[in-house]
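You will see two complexes here that share chain A, one where it goes with chain B and one where it goes with chain C.
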Partner chain A sequence: MWKLLQIELFKIFKRPRTYIAFGAVAAIVFLFQAGMKFDGKSYLDLILNSVSDSFEVSDDFKGRILNGYFICFAILNILLIQMPLLVALIAGDSIAGEANMGTLRLSLSRPVSRTEYMLVKFTASVIYTVILLIWLALIALFGSMIIFGTNTLVVFRAGTIEMMEAGDVMWRYFAAFGYAAVALTTVAALAFLLSVFAENSIGPIIATMSIVIVLTILSEMNIPLYDKTIKPYLFTSHMVAWKGFFYVKADPEGTTIRGSIHNLPAILKSMGILVAYIMLFVGSAVWVFRKKIF
Partner chain B sequence: MDTIIRVTGLVKQFSDVRAVDNLSFTVPKGQVYGFLGQNGAGKSTTIRMLLTLITPDEGDIEIFGMNLRRHRREILRQTGAVIERPDMYKYLTALENLRLFATMSGMKASEQKLMEQLDQVGLASRAHSKVKTYSQGMKQRLGIATALVHDPGLIILDEPINGLDPQGIAEIRNLILSLSRDRGKTIFISSHLLSEMELIADSMLIIDKGKKLVEGRVRELFDPAETLVMVKTTDDERACKLLSQSSLHASVKEAGPAGISITIHRDEIPLLVNKLVELGVGVLSLESKHSLENYFLSLTGGQSYVEAAAN
Partner chain C sequence: MKIVTLISLLLFPALYAESQTAEELVKQVKAKLDLVNDYEASGTIKTNVVFIKAPVAKVKVYYKKPNKIRINNESGISFIPKGSVNINLSNLFMNNGNYDLIDGGKDATTGYRIVKLLPKEENSEIALSVLYIDEKTALIRKARTTTRENGTYELDMTYGKYASYGLADKVIFSFSTKDYKLPKGVTFDYDDGSKNEQETARMKNKTGRVEIVYSSYKINAGVPDSVFKE
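Moving on to the complex of A and B:
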């Protein structure tokens, strides 16, 4: 199994297409960091407009807000919505691409079981997703920390401000990246399932993105009827729960409780739903693949 | 063990089409076994069942004396296969492709061993080139190298010479013959190119509409020395009369506007020409038809094969 996984990773990282995602992530992050470096105050003013009625914000405070932790949080808000496309590029190609090249039949006529083959393929897609997130963490978090320094993280949420001391932030990022890995793995699992039905990779990639876009729109739609009937069951509704790690509890004086999370059970529930979706998608993919005629 | 493949009562139905219908055959050890049939006769379906890519509806497959369902892994470890025309991993080199399939087959091959394998299929000088720069024939040879990389006892080739130029066909033919004669491999090869099969196969199985038509050693099935020739003369009517009275072992099958078709022993073709000329009948053209092709046409009804081959 380990040898097979090595083969899959070798194939993934030998393909020029694999590095499109790394290049795209780097380009977006660097452009955002450059914009913040030269005109970060204007960006901050735009955000503060929504809360300035309730809070007095001094120039000194603005200067402290604009630090590496804040920049990384802003990048994640923008990028984690787009990253499913980059993940689908690889996961959607994993089976369909082999079918298209005529190598799927060659591989399946080797002494490897279909279940083993599928699990190895999926694991390789997950590893790719995790490596992509590590890359994002390196340039968005550590890169921003180097460029902008560190200070208290301020997060704006529905007209309120959440504040975390610098020493109380890093673990939250690790947790958030971990959660994002599960969320993106859900998209990878969907692309992987669709890949089983196709004989070229464009179909599953486009289909995955279409599904993610439609479900994300439904998740964001402010129609009360859908709030309890549809939204709780859509995996896209739970993909953004990583933000929960940056929502904190406060004591009666209004001071943030260090190490606290506002609603941990909600995050765990969302994660559970995503894991259930992953199992459903991958289980279905393996079941279909085992029955398939090649 | 004298039998490498034993198939009994194999059946595969796709909705309302019975692709393989109660097919039974045995492949002896060390032979090149030709698997013939028109396009759509059920060859590829049968091959895919031999490689567990399709599950049979009925029947048993034994390879190396083991049941394929129960001993899939052990059997595939000793089997190499090329199915249709794999493009291989275009973004990898030939050496990388080969190493990858060797690992999948459970072996750790040294670079020297892989290079020897590439040398055997004539690709050693391009071992480090990306496969996307390869011609179709080179990809086909690389496909065969991947089938051989783990030194299997049985090699299954599905239409390996499809789409190759004459030189490529000759190279693959020589490779197959050398694998069988020099290295004792059993080769199960499907094709609809009858003339090629005639040159390489020791035994053959001909199927049509999923059913077995005939199976046996090539020499026992038909006499390759006996051939069909199409002769066009200056006076076909007189030529027919003269031939019926001559001492040659020739028989006129048909005479028509296209010429006279004659079955004759290959050695007697020059005598036939001399005889006609001596008796004052000029020979305008003489075309020899393959014996196997005649045999195949007589089994399958002819016309449909000609149409299929033309398509």
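Moving on to the complex of A and C:
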């Protein structure tokens, strides 16, 4: 099984297109960092507009908010919506790509069960996803820390402003990246399932992205009945739960409680739902693949 | 006769204090504040606004006559309310006598003398200041300032070792806040089920509080003008 995984990883990282994702992530992050370096204060003006009547919003104040932790949070906010495409590029290709090249039958002629084969294929996609996230963490978090320095992290939510000391932030990022790995694995599992039904990789990649985009829009809509019935079960509603690590508890006087998470059970529940989706998608993919006649 | 007066002054200072006019009392308060040409104070700042969760931050507060004041964060970030310039009490007397004094008598609960300052200038940003002055110490314990454009601010002062300069050890600055709201499409919030709690909390309280606790002052040691530049 280990040997098989090594072969799959070799195949993934041998293909030039694998590195498109790493290049794309780097390009987006560097462009965002450059934009923030030169015009970040305009971006903050937009966000701080609703508090500028009550509070002093000086350039020095804005400069302090624009620190590495804030920049990384803003990058993750936009990039984790684009990342599913990059993950789907590999996961959607894993079975369909082999079918397209005609190597699937040859692969299955080896003394490996179809279940093992599928699990190895999926594990390779997960490893790729994790490596891509580590790459994102390196350039978005550590890169931004080097360029912009560190300070208190200010998170602007729809109705509240959450602030946490610089020394209380790093562990939250580790937790958030860990959660993002689970969230993106869900997308990989969906692409992997769709890949089983296709003969070329374009179909599953586009289908995965379409599903993710439509469900993300649905997750952001606020419709009373739908809010409590359908929305909580859409996996896209739970993909953004990494942000929950940056929502803090406060004492009755509004002072942030260091090391606190506002609603950890909600995050764990969201994670449980994502894990259930992963199992459902991968289980279905294995089941369909086992039944399939090539 | 002189001895009798001296003894009665020592034994019954309140008797003499009460006889002070509002003008005399304000003069005494101003005299203390005028001892300070500049200061650099270190302390901590705690923000209590219903829509902000903020850690306690370390600050340095710089002041220079006549009305320059700056609050700098030593560590962290703080949302400083507009009108915080009034944490320096000298600012209340900025009109340099160009205001009318109204004696409001004594506060029933605290016994502090209430003095109202009404600027004579029609276009003055401050519409009215109400001072609660401790006559025994000639210190402003509480001040409520109503401005034309930025609402009403309230200051509560606790004094300690810098009382002789009229400088407080602790200042609580209360102010009105406006609603804070960002579109959900911009923030892409994670709905962790706490929305209703936040909404209810926001509706309850529209007064913000900033508490500054000073640990030390460097008084009249000189503060460069560059500190006050943006």
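The rule is short, and it goes like this: the second predicted complex is superposed on the first by the 284 of 294 C-alpha atoms of A that agree within 3 Å, B and C clash if a C-alpha of one lies under 4 Å from a C-alpha of the other, contacts with A are read in each partner's own complex, and residues count from 1 in each chain.
The definition used in the following text is that a residue touches a chain if its C-beta (ideal position, glycine included) is under 8 Å from a C-beta of that chain, and two chains touch if they have at least 3 such contacts.
Computed from a predicted structure; not experimentally measured.
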Touched partner set for A:A266, first chain B, second chain C, both or neither: second
First (chain B), second (chain C), both or neither touched by A:K11: first
Chain B versus chain C as contact partner of A:G102, first or second or both or neither: first
Which superposed partner A:P224 touches (first chain B, second chain C, both, neither): neither
Per-residue touch tally on chain A - higher for chain B or for chain C: C
First (chain B), second (chain C), both or neither touched by A:P111: first
Contacts of A:G23 with chain B and chain C, given as first, second, both or neither: neither
Touched partner set for A:I47, first chain B, second chain C, both or neither: second
Chain A partner contacts - residues on chain B that touch it in the complex: 48, 51-54, 72-74, 76-77, 79, 81-92, 96, 100-101, 103-106, 143, 146
Sites on chain A touched by chain C in the complex: 47, 50-51, 53-56, 58-61, 64-65, 77, 81, 151-152, 154, 156-166, 168, 220, 222, 237, 240-244, 247-250, 253-256, 258, 262-263, 266-267, 270
Chain A residues within the chain B interface of the complex: 3-4, 6-7, 10-11, 14-16, 101-103, 105-113, 293-294
Sites on chain C touched by chain A in the complex: 46-57, 73, 75-77, 79-82, 84, 175-195, 198-199, 202, 208, 230
